[in-house]
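What follows is chain A paired twice: with chain B in the first complex and chain C in the second.
For the complex of A and B:
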């Protein structure tokens, strides 16, 4: 019998997961790449759905070059059998089993059957999910998340509107707006709650990141060509419409964080894409007992979590975009390979990636403080009859009552007393909004099951199969 | 002064206030932040053997019914749904019948159900069961809402987010109040309703109270139209509740809720305060539930959560004055029955506080019973993790 190569399960095939898989597979490790999508790339490298009339990919030139290299590298490893790609796997739990791991996943779109893979180590590259804040009218059809709109436009799928407003805060809005425009939607306004002054103060940080600067400039130029009105320090306070969104009310944000009196204006649109940045996906890490730093998985210089045998990279360890994810994934893959093959990890080998990581973490910390939080007074715009938890149809008024009259002082108690966050999404969508309306800290719930699982599957999960 | 804003503390506050006392309710977390927030809200007589716990359960049930009649039923989702205990084998049915005979003598309604009648009560129950017992008195509340509304009804001064760091005592040794991380609170009587953490609070007064955590997982399914009418569980649940084993035990308890999801309890294991996910525990719960209700196989569990039952070595709570510290009262250690036993506990404590004699004999629940060298459970305790 030949010597068995150690197996690393990489969960998530976005930039971090792909970089990690390539780094580990080149260094003597058998990689099983588990991902929920039909093809690799994640949200960032999402490709147009193939078929007649398929749209051209929206990637910028440097993104395209990186993607081509990742794809080519992956193909070589796939052919050589060093990487197995398990697509359409929705991981619901990673189980620790006497020093090894079993990754349990539900199969395909139906998610009724389970499959399991055994591995010697696990690398979590689970990405992020979108932060959404409620406002009157946010549940109308035609109001979508910024990331959702981007997924549709990148995937070449039809958009639920022709005249769009993009609103919220953070660096995602610009590419979302240009992506919508490229997909044929007329983007009439880009509404950013952050102030341009705060942004300009970060110019030195921008200057150290020329690629980012170029990227931003390209996006901005594309928008200007399309005559989009760009408003900073503004916010959408209400969406109007009977059966779907027909217009939005936009106001300037005053110095006190409230809408500036008299600044309201109506903008007619049939698509509103809103987003306030991303939050790290940490469900699997928490199920494994990994320690968090705030909302992110805590990792050391080698991207190791505090649970032996578990690495994490990319947005799950802190929001920082694709380039940071690539660097972290590369480091995590090399560290995991070294430790699994019994050689000492050599940080000099990944010095370039480590420098990129340092630079981008600094950059995104600055970006975070530039965009900052949404205006502190935004919850005041949420009327009592606004539904804040859509799954359980809990209104802002019910949340306020739980706080004022029933003694709820934290997100968990608000959930227990109102059911906000107990529904299908398990709080992923509504937690930031509910926390804001309740006036308490955003402490995401522990979600021990990362996805809803049929009881029949839980009762008898599939036995792990060795990778083919 | 009641320490602990779970359901037991809330009930103590309510009945003490009704007895004319001024009440302060203090908790280091929010209302319902401990085991109350992780429970199913069982108000059960069916799972209790005749004895002091059953007497407390019957008193409590009567008080819950009164509160529901007084207009709180909707606020805390009170449902007098009844419990159905099913036996899969003739042997299990025989011991269930024996248990029910004793319970009946103690005042419990227990109605035998033949195998062929089971599906009239629960149409989706599995085939081939030997029979069962219907307990019409068993009921359910939503525990966090119950705690919050009892606190509100009590009118007590609520001090959440405030950690008790010391029990203050005078030169005569009597209680004078508590020290917290945000100043002292004065009171001539302190009620320890800190649940699983009751041993820590007792230690602040210099006395030992062996409360241990017994972990339980609960599974919550997607919302369904009503299909499970009663609280349905297998006869071996009673044996598990009374067991001393530290190892994982699971016997399924399946019930619908007013909000739609089906709850599946209840695993029991003694692993300290370990919150990490245990797939074996959850797997066993799911297996047990689908054996009772095969349709659940295709129903999705949306979440699993863990809680820590406050468990005492003889499975009885500590209720009443602590003779070792004048002015200190205990109302904790109710294991998995804290919601069901809360109202009776609150009333008995209030009767003690008001200087009267409680309407139930509290001697089996004496907080200092483990100091007695002759106590049968004194030598079977495990090492004392509650002393840090």
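For the complex of A and C:
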């Protein structure tokens, strides 16, 4: 009889989850890799659907090599039975149960049934999602998030002949613009709220990451070849159209954070991809009682959260891109494997990943401060009739009334009074916008369940099945 | 070697799905949202309150704006559900249980 291998549930099969799964499976741990997509890779390594004649945005060469290595490593572990990949599982809750864990997940896109997996430890690699601040017209069809445009274009969207504007703030806009252009869309403008001076101030940090710089330069070169007009310190103040977006109004951002008078211009487009940075997915961690640092899950040098048996890696612990996620996932997987097999973790074994982690965390902190906060006055552009909560169709006027006339002083009270944040998305999409319009702090939402769950699932007894 | 040269892609065999009874073409691996959008359809839901048109927004299953009725089942996220041959995709009105 063989000794039972300890089971580590890795939630999320993007860069962090894959690196963690490989590191742990190589070191005596049985890994159950639970992911919501049909195949591994997450958003970053999402495999493009081959389209007719489309030139698609592809990974850079070093990213392709890394992906091939991860994929090959995973295949070896899958064949050997050291890793089980559970695809199409949308995890809605992780329960602690007498020192072990039960991972509850809804099955398939339909999400009407739930299944449970037991594990000795959990590694959260849940990634992030995009922040979009509201503006008049942002609910029109044809307005999508920047990451959404990228995901759709990798997911087989072909838009030849379409005219796109990419707008907002942050390092994602450039690859999105180039990706759309590569998929056959005419990207007429890239509108970035941040100012170029801020980037120059960070020159020393940028210089320490030549790969990142090269990536940026390559993206820019591709874009310029396609004659996209790049406007910094500008913002989209309104999207126009009846049944879909037909044009946008763009203004320069003045020194006071308001649109500079007389700078308005109208740009005709039928696709607006907009984003204002990324936010970490922390619901499962919060449900487990893990401490957060601001918006991110707090971890120690081994990527352990403050809850015993729970590790976290990748963008759930702070936005920092795929290479940082890989390093964190590797460290988390090794630490979890050591602790689960009763050996002392040896940080010397992951010294290289730790150095990468330090370098990239520094880089992304600098990047974040270079892009900075959105202009302080942005909520002034959100007219009273603008829907800020897309699910529940709550307008900015209703939010303002809750604050000014009903005395709401925090996001939770605004939600109870207006239903803003009570819909399907559980407030993920509207919280930053509602907080801005209400003038409240953006506090962690503390969602009881990480996904909307059918009542029948909640009422049914859990039936945790150990992996085969 | 040019590190950014796009890899060649080989399209699978196209098939048809229907949107509100009309045939549209889809490719293996495409989500319903991608198939609809590629056919020029950008909206496939009207909201419960104001009856406004909505389509894809976040593209990764977070926002639930792209809800659609597939094979009689309402509230499916078009960005997550893969298009399969013969799928009957319909515009969803309100909660999807209205009619």
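Operating definition for what follows: the second predicted complex is superposed on the first by the 453 of 468 C-alpha atoms of A that agree within 3 Å, B and C clash if a C-alpha of one lies under 4 Å from a C-alpha of the other, contacts with A are read in each partner's own complex, and residues count from 1 in each chain.
Everything that follows uses one rule, which is that a residue touches a chain if its C-beta (ideal position, glycine included) is under 8 Å from a C-beta of that chain, and two chains touch if they have at least 3 such contacts.
The shown structure was predicted, so the numbers you read here are calculated from the model rather than taken from an experiment.
With chain A as the common reference for superposition, the partners chain B and chain C occupy compatible, non-clashing space.
Contacts of A:424 after superposition on the shared chain: both chain B and chain C are touched. In the superposition on chain A, contact is made by A:182 with chain C only, not with chain B. Once the two structures are superposed, chain B and chain C can be ranked by residues of chain A touched, with C on top.
Contacts of A:449 after superposition: chain B is touched, whereas chain C is not reached.
Judged by the touch definition given at the top, the superposed model places A:87 against neither chain B nor chain C.
In the overlay built on the shared chain, the residue A:289 is in contact with chain B alone; chain C does not reach it. In the superposed model, A:129 makes contact with chain C only, not with chain B.
Here the vertex is the CA centre of chain A, and the angle it makes with the centres of chain B and chain C is 90 degrees, a multiple of 10.
No C-alpha atom of chain B lies closer than 8 Å to one of chain C in the superposed arrangement. When the two complexes are laid over each other on chain A, chain A has residues 392, 423-424, 452 in contact with both chain B and chain C. Against chain A, the residues of chain B that register as touching in their complex are 5, 29-33, 37, 144-145, 148-149, 151-152, 158, 160-161, 219-223, 259, 261, 264, 275-277, 279, 282-283, 285-287, 289-290, 296-306. In the complex of the two chains, the chain C residues touching chain A come out as 1, 3-7, 9-12, 14, 27-31, 33-35, 37-38, 42-43, 47-50, 52-65, 67, 73, 76-77, 79-82. Per the touch definition, chain A reaches chain B in the complex via residues 93, 95, 104, 112, 287-289, 392, 402, 405-410, 412-413, 416-417, 419, 422-424, 426, 446-449, 452-456, 458-461. Of all residues in chain A, those touching chain C in their complex are 36, 38, 43, 48-58, 60-62, 64, 90, 109-110, 129-130, 139-145, 147-152, 155-159, 182, 218, 222, 243-244, 387, 390-393, 423-425, 428-429, 452.
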